[in-house]
Structures are given as C-alpha cells and as structure tokens.
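Here it is, the structure in full.
Chain lettering (A, B, C and D) follows the sequence in which the chains are written, and residue indices restart at 1 in each chain.
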Amino acid sequence: MNDQVPVVGEERPETCRAPDAEERSLWRRVMDQFADHCRSRSLFVLHYCTGCGAVELPPTITSRFDMERVGVSPMVTPRQADLLLITGYLSVKTLKRVILSYEQMQSPKYVLGFGSCTINGGMYWNSYATVKRLDQYIPVDGFIAGCMPRPEAVQQVILDLMRRIDSGQANAWRDYYLDYDTYLGRQAALFGEEWHTPTDVVAEARHYGYFGPGTTGVHTARLKNYTEWALNQIPELLPERGRNEKART
Amino acid sequence: MRPENYSPVQHPPSHEYELYFGPNHPGIEGNYAIRVRLNGDVIQEAIADGGYLHRGFEKLMEQRLWIQNIALVPRICVPDPVPMEEAYARAVEALGGLEVPERAQWIRVMMLEISRICSHLFTFGGNAATIGLYTNMFWGISMRDLFLDLFEEITGARIYHMYITPGGVRRDLPEGVLDRLEATLDEMERRTPEFEDLFFDNAVVIKRARGTGVISLRDALAWGVTGPNLRGSGLPSDVRRDDPYLVYPDLEFDIPTEVEGDALARMRVRKAEVVQSIRILRQVIERLRGIEGPIRCPLPNPLAWNIPAGEAYTRVESSKGEVGFFAVSDGGPKPYRVHVRGPSQMHAVQVLERVLKGGRLEDVAQIMFSLDACPPEVDR
Amino acid sequence: MDVTPKYKGSFVKPLKALSHLFREPVTLPMVPRPASDNYRGFHVNDWELCVGCGTCRQICDNAAIRMIHIPGLPDDPAAGLKPRRPAIDYGRCCWCALCVDICPTGSLALSREYVHVSPDMNTYFILPDEKGIHGLNFPKGWAKTDDADLLDLARQPMPQRDPDSRGDNFDEIVHGYDDQAAILEASRCIQCGMCHEACPANMHAPEYIRAIWEGDKERAVREIYRTNPFPEVCGRVCTHRCETACSIGKRGAPIAIRWLKRHAMAALDDERVRTIALEGKVEDRTGKSVAVIGSGPAGLTAAFDLAKLGHAVTVFEAKPEPGGMMRYGIPEYRLPYDRLDADIAVIRAAGVDIRCDSPVGPDLPMDKLRDDFDAVMLATGLGAGRSTRVPGTDHPDVKSAVALLDAITRGESIDVPGRAVVIGGGNVAFDIARSLARLQRKTSGRVDMTLVALEERDHMLADEEEVVEAREEGVVVLNGRGPRQVVLAGPSDKTLGGLETVRCLSIFDEEGRFHPKYDDGDVMLHEADMVIEAIGQASDTGYLGEDLTEALEWARGRIEVGADGATSVSGLWAAGDMVEGPDVIHAVAAGHRVAESIHRFLGGGTTTLEAAE
Amino acid sequence: MTQPKNLPSSLDIILHEIPGVRMTPKEGRRIRVDSSPDSLPALLELLKGRMGFMHLSAISCVDWPETDEFELIYHVWSYEQKSLVSAHVSISRDPGRFVSVYDIHTPAGFYERDIHEMFGVVFVGSPNLRKFILTSWDGPPPMLKSFDTLGYVNETYGWVDYQPDWLRDVEGKGGGIES
C-alpha cells in the first residue's frame, strides 16, 4: 500500500530499477524468458476503435484473416488487455480517453500506431482537432505504413510485435514510467494544466522497478494537489495516511 | 474508473444512476459515447456525446484544391465511403459545369451499389454481435471482404477508394472484373438464405429486436430520419428515386419498406436492399458490357482550376440515408465552403437520444446499430 | 408498443450454420497476398525519367512530398533537368495517387508492395527509386494511364496565316492568342519553374503565366519587365529555351511560353506598358555617364537598366534606326518593325539617348568616348557575313545573307533573282530564303528557292517551325549537302550558273571540331541566278583602333570578357553577339550582367533593380 | 418522375404572401429562395404547411467576412413535390444571432447546435446549444474564416524531424531537403 499511494509532502527521491538480465539469477532469467514467450502468444487487444483504421480490424479478427490462430483476440476492458491499437488519427478528445485507457492497462503493455496519422499527422496534418504525433503522448512499440493499413499489414505488425516481445525487445512501456514527467508535461500542454488521471503512475513506476530520474519532475509535482484531494475522497485510505504521518513524527 | 477531471457530486439514490456508455466500449459502433441516466435498467435520459472522431473536414476542405479534396471526402464515412465521393464530385460537376461520360456514370452506380452492399453486410455483422450472435459477424465481415477484393481490383484500394473524381472516375475497369463481380453476386445470392436462417429467422434475434427502438412514421418524418430507417417506418422514399442522379432513372429496382419501425424492421429493410442492389448491379453489368467510351471528361490542369462562383446542394442515397453536400465556390481554386450533411448526424444524436428513452440498457448498442449510425459522419 | 407479430423465429434454423463445418475455410494463409494489378502501395520512382520538377510536391494534399537535392544527378537547366528527387513522408501520405496521375514525366508510380512495419520513425520517410521501399522490385501497381492523365498535353492551336496568304508579303504570320486561348494555354502550366532556370535571362515565366491565367495582364507585363526589356521581340522571335525545358514537354507539347508573352504584351496599350516598365526607376541622377556602342538587344538592355538606376546613358548606332540585328536581321514577317519600335520607345522613355547614324570611327573616335564617358560598353554584334570560300564565291552574284537582309529592311531595291540557292541551315538562312521567296512571288508570281544545309533533317540548327513554314512557302530544303563550287553559266558566260553541292558524310571530326567529310561521288548542280551564303557572321571591330585592339585580350577572334562582361581594359565592357552567341535572349541576359557590373563600377554598390523591387 | 411544371408558379403564389422573398428556380429540382431574416420562419412554416416541405435536409452556414455577414441556408425537401428549396438568409456577423426554427423542424436542433459550435452563431430558442463536438476546445469557433488552422497546428503540435540514413548520406554529399 505504501508503494501505491505516495503520501502528501513525502519526498522519495531515490530511484529504483528492475535488475538487468545479467543481474538476475539463472532461474529467474529462464522464467522471465518463458513468461515473455507465453505473453507473446496471447495478446489481448483492447476493443477501442480510435479512428478509421478500426474498420480493418473486424476483417483481421474474423474468419478471413483470423488473428485468433496466433492468440490475438479482442478484449473489452483495458484492465485485461495487453495491446492498444491506435487505429489512425486521434482527436484531442479521443487522446484523453486513450491515455486513460492506456494507464489502466497492466504492464507490460504494448501500443501500435496504425497508418500515417499516428506518425506525422497524416491526412489531417493541418487539422486543428487531431494530434500529429502519437509517440509524444504515449510510448509506441511500432507503426505500420498505410492509410489505412490492410489486414495483411496489420497481421504483419502484430507478428512483428510478437517476435519482439518474445525476444524481450518490446519495452516501450517502460519509457512511460521512466519519462513520465515528460509525457505528462506534453499531455498537460495539450489538455491544460488541470490535466491529471486517476492512475498513480509514479507509484506504478516504483512497483515495476522503473522509477528513474525522469519519472518525477515539475509536471508530476503538480499532481500532489490531486492526490491529496483523492485521499480525502476515499475514506478507507485516511487511516493509512494518519499512520504514516504518525510514523514520521 | 472515474471519468477524467471528475468532480464530486451528491450520490443519487442507488437505483438511479448515470452510466458512460463508450467511447471505449464493445457495444458501440465506432468511437462514440452515450451518457445514459438509468433507473434500474430503464433509460430515463440519453445524451449523445460525439466529437471523438472530429477532424474538421469542412475546414480542411477549404484549405485544399478542388481535386485534392477527392482524397479527403471518402474519409468522412469509413464503412460507406463511395456516396461521399459521389456527392462531392457531383457538387463540383454542378458548379463547374462538367458532363460525366456515360460509361463513367454506370461505373459510378456500380461503385455506389457495391459500397451499399458492403456497408449493409458490416452493419448486419455488427448488429448481430450486439445481440450476442458472433457467427453472423464472422459471416458478414468475410462476405464483405469478397466485395472489398473487387474494390481493390477496380480502384487499387480496399477501403478508401478515392476513385470517383469530378467529371468521371479515375481508371477504367480492369479486364474481366465484371465477370468476377457477377461471380461474387452469385455467391452472395447463394449465401442470402443462410443469412436469413441465421439471423432473420432466428428466434433470439426476433425476440430481441422486435419492438425495440420503435420509430413511428410520424416521428420519423418529424425527426428527420432518412434512408433505410425511414423506409423501416413505412415511407418508400429514396433519393435515388425521388431526386435521381447518374443513370438511376434507367434502372429497375424496388424500394423495400417495412411498417413496424423497430430494429428488426430496419434490418429487414437492409436485407431487402441488398437484394435490390444485386438486382441493380446485374443490370449495370449488362449495360457496362455494351458501353465503351471515355471514363472522364477532360479536366483543367488541377493546379490551375478555378471553379466559377456559385453554390450547389447535391444529395446521394447512402446505405445510411441521405448524404448532402453543400458546396460554395467564390471562383477560386479551393472550395469556399463545403457543408457535409451526413444521415447519421440525425440518427446518432437527436433520433438516438429520443429512441433510447424508455428503452433498456442492454438494447443501447443494438438500437444504435439498427439505426446504422456512423460516428465519423457525425463528427466530420 | 403494439407490434404485429409478423415474424416468428425458430431456434433450429441457426443450426444450419453447422453445415459450414464441412466447407472449405475462407481463412487465408498468414502471408501477405499479392495485391491487385493497380494496387496503390508504396511509391516507386524511375530516376532516369524523373526530372525533379516537383509537381508531385505541389499536388500532394498532405505536404507529404519533399524535394531532396541530390548532388551528382544530371543538372541541366537547359534540358529541364534538376538534380532533385521526391521523398515521401509515410507519416503524411494518404495514397491518393494524385502525384502519379499528375507526374509530367510518368516516372512516379505506386507499387504493389504494402507492408512496412517498423518502430523506427525514420524508416517512414523514404526516397523512392525504381526498386521500391525495401528494394524488393515489386511490380508496379497504380501507374499512369493515358485516360487518367491529369495534365493536358496538347497545345492550344495558334491561329496564323496560311501559306497562300503569307507567301507574297511581309505581314506577320502569327496572329496571337485571343484571351480565351491564352487562358487555356496558361492553365496548362504546372508552375514547376524549369523555364525560369532554362531561360538565359531567368525570366519569371511561371509568374507571368499564372498572371495571364488569372487574367491579370498588368501583373504579367510587370513580371516580364522584371528581366526583359524586349518582350515584344522575345514574344515573337525568341529561341524559347524555356519551352525546351518545359516539364509538360517531356511527354506532350510544352506550354507556348513565348506566345503567352506576346499575348500579355498585346493586351495592354503601349502607354500602360511604358508606365509598368518604368516602375522602380530611380529618380535621383547619379551624375555618371555611360556610352553604349551598338543598339542591339545587349546594348539596349544594359542601357535600359543603367538608365533606370539613374545613370545618363547614350547609345551610339551606326545605322539609321536602332535595334541592330532585331531590325536589320530578322524579317518583318517574324517581327514587325512597329513592335520593335514599341520596345525601343520604352527604353527611350527610360531616359536613354539613342543616337543613330553615329558610327564610331574617324568622326567619333573611340578615345574621345572613353574620355567623355565614365564607362563604355561595346555591343556591336556580328555585322559581317562570312563566306564559305569555295571556288567562285567571289562572283558578284554571290551575296551575303546579312547584307541582303539589311538591304531588304532599308527598303533598297534588289534585283530579285529568278532562281536562288541559299547555303546554310540556320535561322538566318531561312530568313533570307523566305524573304527572297516572298520577293520572288511578289515580282514573278513563282518561287524558285533552294536551301542547302549541311545538317540532316533531324539536326537542323534552325527552329523546327522555320523549316516547316519555309517548305509551305515553296522553299526546297536539301539536307546533308555541302557546297563544292559556284559555277558559271557557261565556259565563256560570266553570269552565274549555279551551285554545285556534294553529299556530306559527317560534319565534325572525332574531336568535335567542324571538319565536314564529303562523298565526292554524289554531286548535284543547282542552277541559280544568285547564291546566298548564310553560314555565320563575323564581327567588325575596326572602329576600336589599333591601340585598343592591342590592349584588349582576344580569344578565337572575339574579345575576351569576364563573367560580368568586363574586358581586360578598365572602364570597357563588351557583350552580345560579338562576345557570345547566339540569340536575343542571351544578349538580353548579357546586357543585364554588364549593367550590373557597370553600376558597381560607378559606385552604385550592390543594389540591383531586382533588389530595389 | 419529373419536376412538376407548375411548382415554381404555385410556389410563387405562396411566396407572394411573405414580404422580402425572391425565388430563383435552378436546375434539377432545386429552387433558390432569398429571404429577409424576418420572413424566414414564416417562409419555412408556409413551405411545410402548404407545400409539404417537411424534411429539413440541412442548415448550412457560410462565413462572409468581407460583407460582415453569415449566410444561413435552409435546405428543405418535399416528399410530395420531390423538390428542394434552399432558403438563403444573411445575418449580421456581430452579434451572430438568429431565431431558432426548432419548433418548425425538429432536426434544426442538431444543425443549430453544430453551427453554434463551429461559427459561434446563437440561435435564440434552440433547445440545446451545449458543446457537442468541441468539448475540449477553448479557441475561437474554428469554421470562421479568420481562424488559421495551420497556424494553430504549428503552434500546438510538433512534427517529426526525420533523420533516415539516406538523408544523412545525401547531406554528407552537400544535398538535402529543399525548402
């Protein structure tokens, strides 16, 4: 619980880091590799149609291009999903929901950007309403060229992602923890200074062992106001806080 | 999870609550949201929430040359892009005084009707899925894919064809494609009874869909319902017949209607429309074999193409209803203003809000699908 | 709600789906299918065909195409080749293929390759070549077809006199476009700017073509006068390097840039043209004076520029009227004198003092000019005809084309020969052949004119339309023949009999020098009363005086000058045909360079007219 | 089915009852009607009641900054006459206020809301002018001609600065991206 809910005013400057492969015991290395292998064989795709590219997902998932044969299947809730497909352009309004959904997903989690729009604005490069670069707001594991990419291309990007998960290379999700302050700063620049999400990413970063120098900073400092507010809203957390304060005094 | 920037509110009595339905929700078509206030599972009030797919099309079109906009318009409606291309092209033709050659007119009708079948199959699959019948979805989507293969062959792209251009179409038909279209239509006809058995004669479907989301003809007219939804309520109105364009006056087809005005009736209308589209396509194939000629009238240099000042309002019957394009030119190289009237702008907002009222929570998705609302068309 | 229970479902019917268990599956193998024949996949670009015009970049709705300057590629403005190629940003592209449909050369196409997957964003910016994004040589998908071309490759026809009505007079042949045709012709332009770079004077052709298309003739004239004070002349007789470079001309007929210029000039009255031309003229006088010797295009262009910059310019012309070769070389049916006068009137209005009948020589020694003026420019052109020097050319009825043209312009009476042979294959040869043919028709009603050119038909030095029109007017053009000797009518007859020619096998030797080889077995006699030599001109620089001739540096008989036209003698510039050839527009360009250099020399700093605007 | 020949004339009779209305028949079942702002509700009411123009196909808004006007175009379709009347009115741009026609045509509710969002025109009496699409937008109404979308984009979002290997090679040789 201490890890999950940082206490107001408490400074925890030390970073933490998950052990590198060579630091891990042989047993753990084998187990991790096995876990990666299994993970790559069962990807649950969050059922969220963010843009036009979503129209090629039903063919990809259903009989003709049948992605279920490699263990890819749609999942209705972000909590149980591994893979977030950003199927094309993102309006600012959608991007907020995407970030909320992304933060709800359990790590390790993967993001794929579909088509031109996610790379450099695409068709809507001069539109006031759409975000031009997805990777500025959440870390992305791969892109596909196309407008829109056809199902075979979608298959290929997912197979590519599976290969990279299997070999332990698809680690963009860690960047979100390591550079959370930067990501949050960019998000806030777009959504306004009020922007905050219910997920405590900083605590998650500690939990996963990717709390780095870039995790906190000027932007995350702003979040404290909201954390305090949240603590006051959830009565069960209050004794916890009292205990911590007591311990400190 | 609480919604972003949530502010504390007085909790209502436990049997009355508010639910965010979408945008991240499997039961919703596209990226769209509905906020429903419920009492138990009965909807007291529904508030549509769009804008997730807003790209500012109308603004973007003012920034691009007349010809460049052919790439933009199909993206307004993802499942049924061809009517958008047609409506835009015809607006430009009306403003610029272009004559579409006969062969191009027939090819355009062919494209429109294939697109209609595709869109109806998509809706059919999606609609079944909202009732929990996934086989239909698998069938519908893979059947649609056969037509997408034809699109790919004709236009070089599966979804966004960018094929209809002011003055005609961009490429002539490839060799033998009419035969393959005919074969696909045969396959479609062979499968139609199976779809019938699987969906329309399915007791589950009938129990769920009958009496759900009823729109009376009177309401339909008052609320601005168009297309299959209006015909599902009993009015045999179709832009192809009432405000004809291209070569539709030369074609024989019926306008299927149902009188119940519920979700089932609307789906039955769509099914009957697919049959009519096949009938139209067979006539088109017949005629196209005998028509040779140019596929596009000569266009000015697209980089130096000023269209005389004026305005034009063109209407096209899409699979979802009446598409309208209002184009204004100030005599310049770019449109001065293009206003897109998508049928879903009515269906997904005001009509949906009204129809959902008094309905049940589990029917939200089904009703939305039965209205065949297309969110990108609402948001533009 | 009361609904008639019209439909009654069954729970058994859906079980029919089980029959699908025994059907062939619709599922496809998990490898990318081959795409359709005209699929719109990734771009391919044939670098051999691509000229770097950048039209693809202009039509792209998404600003996805950037032009990349690539050193080492052919860079030839005159041929319309730029060393740049399009690069495509797949973070922008929407595969609409408008770039393919508009590509003037047809080099750009879309392949059937459609899978590109990478986490590295840099791989989404590609420089397509003919092998495709991954070098896999996928077949072409969406490529250009004739019926889908977005460009209009045919030129607006130019109304002109037919051979019957033009053969016996010197009226201008070309009528000029009307407004409608000019707008249509201008609308074909894709604004690639190849013409601008190909033009020796770097005329702003894209700008004035666009202005004509927009119907704004005043702006067109303003754009024209930015770089060329002889628009009436160049609108008629320019060798139009721009049209050679035109991108549309790669597959179709280039934009009629020259005729559009003529149209813009014809649309405004002379008064208005003058006002526009003199915009930007410096009001303050600098107090410096410049002498220009020769009133051809080079001299007058420099004079015009210098006068606009506030210098006092005096032009000395030996002949009775200004204009040089434009007046005394080019026949009236190509360039009416009143149009030339209009151009010169503008230059005079700028304050240039043109003194005709003022040859530099004993009465007006060169030294005096150099003393009286702060700077002197030589632009005396090539006034003397050259001779083939084959036996017999010293006969009085063997004439020089330049001299004859001069005489025709002056209106002197000429003994029109009944039969004539012209030696030469350049524009001057055709000018004299066609002029004399007109006179023949006028006097005797019939044309007997033969033109003998060394070059084969496909490599004629003259403009194509000259050859075609000359033939229409009855001139017999013989290709691949060289002169052997001029023969007399008889052994004792001193009158001219004709010209003997031989078949020419090759014109240049291995080192590219002029050294024709003949087949002596193939000899032809062309009977004629007059033989005219039109094989080139030489300059007559006797007026310079011995001291100056000695002081100047020479190269191959021409005065050697720097890039800015300055000679090795301080305060003395030279430009035009006497320094380098070969046409009006080169002379105009040289005139500008000299004017700029003189202006700097006179302390005007680096301010130029371009910059002053 | 062709357009009834007498439609323009019978329309003419009706339109005479309303001041400030001018009719221009156009090609293909289209009739343009120019109306004064005051007469528009009466015009739509009459068209609906007498001639069956009961389907409001769309309301389009055009911004004309030069004349400082918004042009509103009401496209109404008659299922009986099979004809479309486009009624044009021009209203002042500042303040952009007009009367709602929601009580005549229900679909006007959405269109007015949309125009309010995109152009900032206020429709008095419209049931719901809350934001719909641009809920996370606090800039000026984007469809106004004065709003520069590309300028806004350059200010708000970042572009990718591509550095592919081939580009570095070309730049090494003295080439590069041309502006």
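Definition applied: a contact is a pair of C-beta atoms (placed from the backbone, for glycine too) under 8 Å apart; a residue touches a chain by one contact, two chains touch by 3 or more.
Model, not experiment: these values are computed from the prediction.
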item	value
Between A-D and A-B, the pair with more C-beta contacts	A-B
Separation of chain A from chain B, taking each centre as the mean of its C-alpha atoms, in whole Å	34
Whole-Å separation of chain centres (CA-atom averages), chain A against chain D	40
Centre distance in Å when chain B and chain D are each reduced to the mean of their C-alpha atoms	21
Approximate Å spacing (C-alpha centroids) for the pair chain C, chain D	50
Junction residues of chain D - those touching two or more other chains	134-135, 142, 147, 149-150, 160
Multi-chain contact residues (two or more partners), chain C	26, 61, 89, 91, 94-95, 121, 124
Per-residue overlap in chain B, given as positions that touch at least 2 other chains	51, 54, 56, 59-60, 63, 71-72, 142, 160, 379
Category of the chain touch graph - line, ring, star, complete, other	complete
Complex contacts: residues of chain D adjacent to chain B	1, 27-30, 54-58, 60-63, 73, 75, 77, 79, 82, 84, 86, 105-107, 109-111, 114, 118, 132-135, 142-143, 147, 149-150
Parts of chain D lying in touch with chain A, wherever the complex brings them together	134-137, 139, 142, 147, 149-150, 152-153, 156-160
Contact set on chain B toward chain C in their complex	64-65, 67-72, 133, 135, 142, 149, 152-153, 155-157, 160, 162, 170-172, 174, 194, 197-198, 200-207, 210-211, 214, 260, 262, 264, 294-296, 298-305
Complex contacts: residues of chain B adjacent to chain D	48-51, 54, 56, 58-60, 63, 94, 221-224, 226, 235, 237, 241-244, 311, 313, 315, 322, 324, 326, 328, 336-337, 339, 341, 345-346, 349-350, 379
Residues of chain C that touch chain D when the two form their complex	66-72, 83-84, 87, 89, 91, 121-127
